[in-house]
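In the part that follows, the structures are each spelled out as structure tokens.
The following pair of complexes shares a single chain, subunit A, combined with subunit B in the former and subunit C in the latter.
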Partner chain A sequence: MQDTVLIVGSGPAGLSAAAQVTGAGRRAVLVEKEDTLGGAPILSGYAKLVPSGEWARDAIGRMVQRVEEDPGVSVHKGTRVTRLDGEAGDFTAELDNGQKVQAGAVVLATGFTHFDPVNKPEWGFGTFPDVITTTQMEQMVANGRITCPSDGRTPERVAILLCVGSRDRQIGREWCSKICCTVSTNLAMEIKELSPETEVFIYYMDIRTFGLYEDRFYWTSQEEFQTRFVKARIAEVTASGDGRLLLKGEDTLVKRPIVIPFDLVVHAVGMDPNQDNPEISRVFGVDLEKHGYLQRAEHYTNPCGTSRPGIYACGAAYGPETIDDSISQGAAAGCRAAADLQPHGRKAG
Partner chain B sequence: MAIHEKSLIEPERLLHHDKLVVDGVDVSGHWNTMITPRTLTAYDEDFEARIRSIPGGENVHRCWQCGSCTNSCTMYAQNVQFNPRYWIYAVRLGLKDEIIKDRDIIWQCVSCNKCTHICPRDVRPEGVMKALGHWLEEEGYTRKSPSTIFDEAFADQVMDTGRMEDAHLIVTFFRRTGQSLFQGWLRVFGGRLMRHMPVGMGLRMGGHLLHAPRTRSWGKTRDVLRQYIQEQKQEHKQEQKEAAHG
Partner chain C sequence: MATYAEMQQIYDDIRGDFRYHHELNGCLNCGICTATCPSAQFYDYSPREIVQLLWTGNVEQIYDAMQEKIWACAQCMTCAARCPFQNSPGGLVAIMREVAIQHEMQSAKDVLRPFGRVMLKLITTGNQLSPDMIQPDHFPDWGPNIQKVEGDLRTLRKAIPMKTLQTTDTAWEVSLKTSVEMYTIWEMTGVLKSLELMDENLFDVIEDFIDEKREEYDEWLEEQEED
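And now, the complex of A and B:
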């Protein structure tokens, strides 16, 4: 009987899974393709997290530290799994550093890839330096200064465009990325805190700050930080000739075209399936669902399952997910995988 | 191309030029029908704060455009041009022209407060309507109604002479509202009046029309009255200011 769980990916979900596995008295092997642990919040330099308001480097940093100091976890950074043989209870994984890992269960915490807005060229990303993504805005907030990349001036007016790479059949993204509305309202407040003279406008089709994020993020950004919400799908971002950007579209509620000058345009980029998912699907022998995320097993009795017994998943590998829920799901998947190692434990599914 | 369906375009957006030359080309006649664009090219960011500073408008920034106010509105049921949701949106984005365009409708709010009771974000739309009315008034956008003009003519005359002369008042009112003095009903009314009125009284009335009589020693009373009104206005303004900041 194996006493090891192989965890792939060290973002919030993977770090959480690893801690649960060792907490249950089992060993975890954590494989991370990047040279740094922490996943998207660390690699992309997020600022303050939703909903805790804690800096990503502190909050996720604690999770990294917990795993790094855990003698039950062996970490392989800059490493990928190239092959997985065996079956539930007795897997053998080959790593691209030549090592082999024996494991009784596998947790895929492989996360997502940020949508690349060059795929929506009409919105100016990659054409104009003052068109940036929410990820870049997070980095700006983390550095404590809001400026236009073109010339370093403080923007008088910032537009955040929602649903960039989400809810768009034209580019094959037929899902809501779930987090961007809340992240954008949070950013709007952070921008206002750092640069009170900057006016922030959010261009939306719908506002989906679900659950308890409603009043805390949407309402607060509107009521206390004077964020302006404009119902308009933007058609095009162009240059205005005076160094500013022009936002063109139709204001749905006024039923009139708009051409409004802005200093900085922020794309609220969605969550794509991890660009490595085809490889992950092939190596681990798990199915992908129609959008390209990992296919869930029947959920009611096998909540962390994939299409292959003994291989579990959690977090944004399944679809757009929040950091907090990824952590919860990672914990659940870690427990489920550890349970597979019990000689008399009931198997999943 | 000539525009055939001008009825579909708001009249204020149609520009007429009898003679027009563009880039050296004569486009007089029906070639010159031009329409001002509908495109919004600017937001007035200070407008929302201005409306919020007027009593009633404090919560306008909370609106998320659900339309509950318009949906529940007594006036909207009478007139679909009466749309509080839309005006609130216009306030939030600083689309002043949209408010000014509807200056003759906004004041029709009957303060039934259904909107205020139903609003999920506690915007208090009824208060916003009031605030908009005050703003239109303060900025001089509110057009005077005939009854206001009549009241002013009445008050002016009393202020001037200390008394009121029917004929004088009617003439002043017609002049100020640009109406003809020779209206059918007035001719009939005047004719019948002359037929039944004692001659002396008729002559006196005609004389008063030429030279308005004044109440004796009215000058002093008038000065006191004027000063009192001035003080009242000042006090009212101060109260408004305090309410807005408090």
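And now, the complex of A and C:
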């Protein structure tokens, strides 16, 4: 029996799991394929987080610091797990840096991959420089200036398109990415704060600012920040002669097609399954569900489990997830994994 | 004006079509189909409206849409390529048009009448258009390019390497065997039945023509056996 939990991935879920494991008096080995800890919020340079309003670098930065200063956590950065042998209570993992890790349980906090909108070419990403993604807009907000990439001018009109890479059978994305509605309303308010003259429009099929996000994000963005919500899915983005972008949509209220000019178009990109999931599935011997995320063991009695005993998962590895819920699930998975280790006070053998 | 029962029957025939549930999965009123629809730019036609009428089972408005609106669709199917639910509004319009024909609706007869000449040409020659039909006045959308085909038609057509295209009174040469096979396809897929419902006179002319061609083909087959 081992006294260590192997945690793969150091986003909010993995960082939370590591802290939970050492909090329970156990050791954690944290393996991260990138050279930086913090996962998507840090790697993609998110601005202020939903719903706390805290800067990502501060909030997630605190989680990183907590783990880096924890003597119970050994961290391997820029490292991948290449092989896992053994069974629940006694696993041996091989890392691509040549090291081996003995662990009683494994937590997969392997997260997601941002949808790449070149897969929806009719919406102009990759064709027009002023068509960007929400992650690029997050970076712009974090840098404190809203400009058009083509010529650096301040945009008069910004359109945020929801459901880019979500809820779209045409490209095999048959899920709602859960966070983009709220993130987009949050971004609309941040744009307005930095550039009060800019008009922000959000094009939507449904607005899913669920739970307590309704008044704080959906209502406030309209009432205090004059965000215009238009129920329409844009069909195509093209360029006009004057360098602006033209969006082809339907005004569903008057039931007529319209063409609307914009300076900047933002794709609210969805959450794809981690592009490494096929490899993760093979290395760890865990099943994927039909969309390509990790298969959960059993919803009610084994919510942190995977198809293989002793291997647990949390956060966006299971499907689109918020940062807050990823942190909760990381804590739960860390706790569940620690319960598989040898009882306290007895040494192995 | 149709009775409610008749309108209900029309709706039942539309949704009873074997393709219906493949073409209609659901609808969130996002409008991407209408936004991308070339016909919606020019006519009082909206693919989203058609989908909504069928989705909500609005039999009176479905009947109303079949009077004029469904005939504005160009069947380009861009709507089907865009819809995030993978509906096919254009496919639904195709079903509605077929049901309009089955029910011998006046709107279908009015819309299809000008195509009688095309149908006749198609069945008698195997082609809809022929090179010798091209008159500059008839094709203003071709612009100055029309001059390129205005010269000596016979010489121009001779320049095409494929022998079956060196024709002037048909777009290409269609063999008797191919024609007879096409008649069988039109018969079995209900095209001729639709024609009979829409234009009985034209149907009679075409039926006689087909009978003649089939006899000709049978004779040719017999000759082959004799040889």
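Criterion: the second predicted complex is superposed on the first by the 341 of 349 C-alpha atoms of A that agree within 3 Å, B and C clash if a C-alpha of one lies under 4 Å from a C-alpha of the other, contacts with A are read in each partner's own complex, and residues count from 1 in each chain.
Basically, a residue touches a chain if its C-beta (ideal position, glycine included) is under 8 Å from a C-beta of that chain, and two chains touch if they have at least 3 such contacts.
Just so it is clear, the structure is predicted and the values come from calculations on it, not from any experiment.
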Q) Aligned on subunit A, subunit B and subunit C: do they clash or fit? A) fit
Q: Considering only touches as defined above, state whether A:118 meets subunit B (first), subunit C (second), both or neither.
A: neither
Q: In the overlay, answer first, second, both or neither for which of subunit B and subunit C A:199 touches.
A: first
Q: Could you tell me if A:239 is touching subunit B, subunit C, both of them or neither one (first, second, both, neither)?
A: neither
Q: Look at A:167 in the shared chain and tell me whether it touches subunit B only, subunit C only, both, or neither; answer first, second, both or neither.
A: second
Q) Counting only touches as set out at the top, which of subunit B and subunit C does A:223 meet: first, second, both, neither? A) first
Q) Does the superposition put A:207 against subunit B (first), subunit C (second), both, or neither? A) first
Q | Which of subunit B and subunit C A:257 touches, first, second, both or neither | A | both
**Q.** Minimum Cα separation, subunit C to subunit B, after superposition on A (Å)
**A.** 6
**Q.** Touching both subunit B and subunit C, residues of subunit A
**A.** 231, 251, 256-258
(Q) With touch defined as at the start, can you tell me which subunit A residues reach subunit C in the complex? (A) 122, 163, 167-170, 205-206, 231-236, 248-252, 255-258
Q. Subunit B touches which residues of subunit A in the complex?
A. 199, 201, 207, 218-219, 222-223, 226, 228-231, 251, 253-254, 256-261
Q) How about subunit B: which of its residues touch subunit A in the complex? A) 37-43, 45, 48, 61-62, 64-65, 86, 89-90, 92-93, 95, 98, 121
Q: Please name which positions on subunit C make contact with subunit A in the complex.
A: 25, 28-37, 40-41, 46, 48-49, 81-86
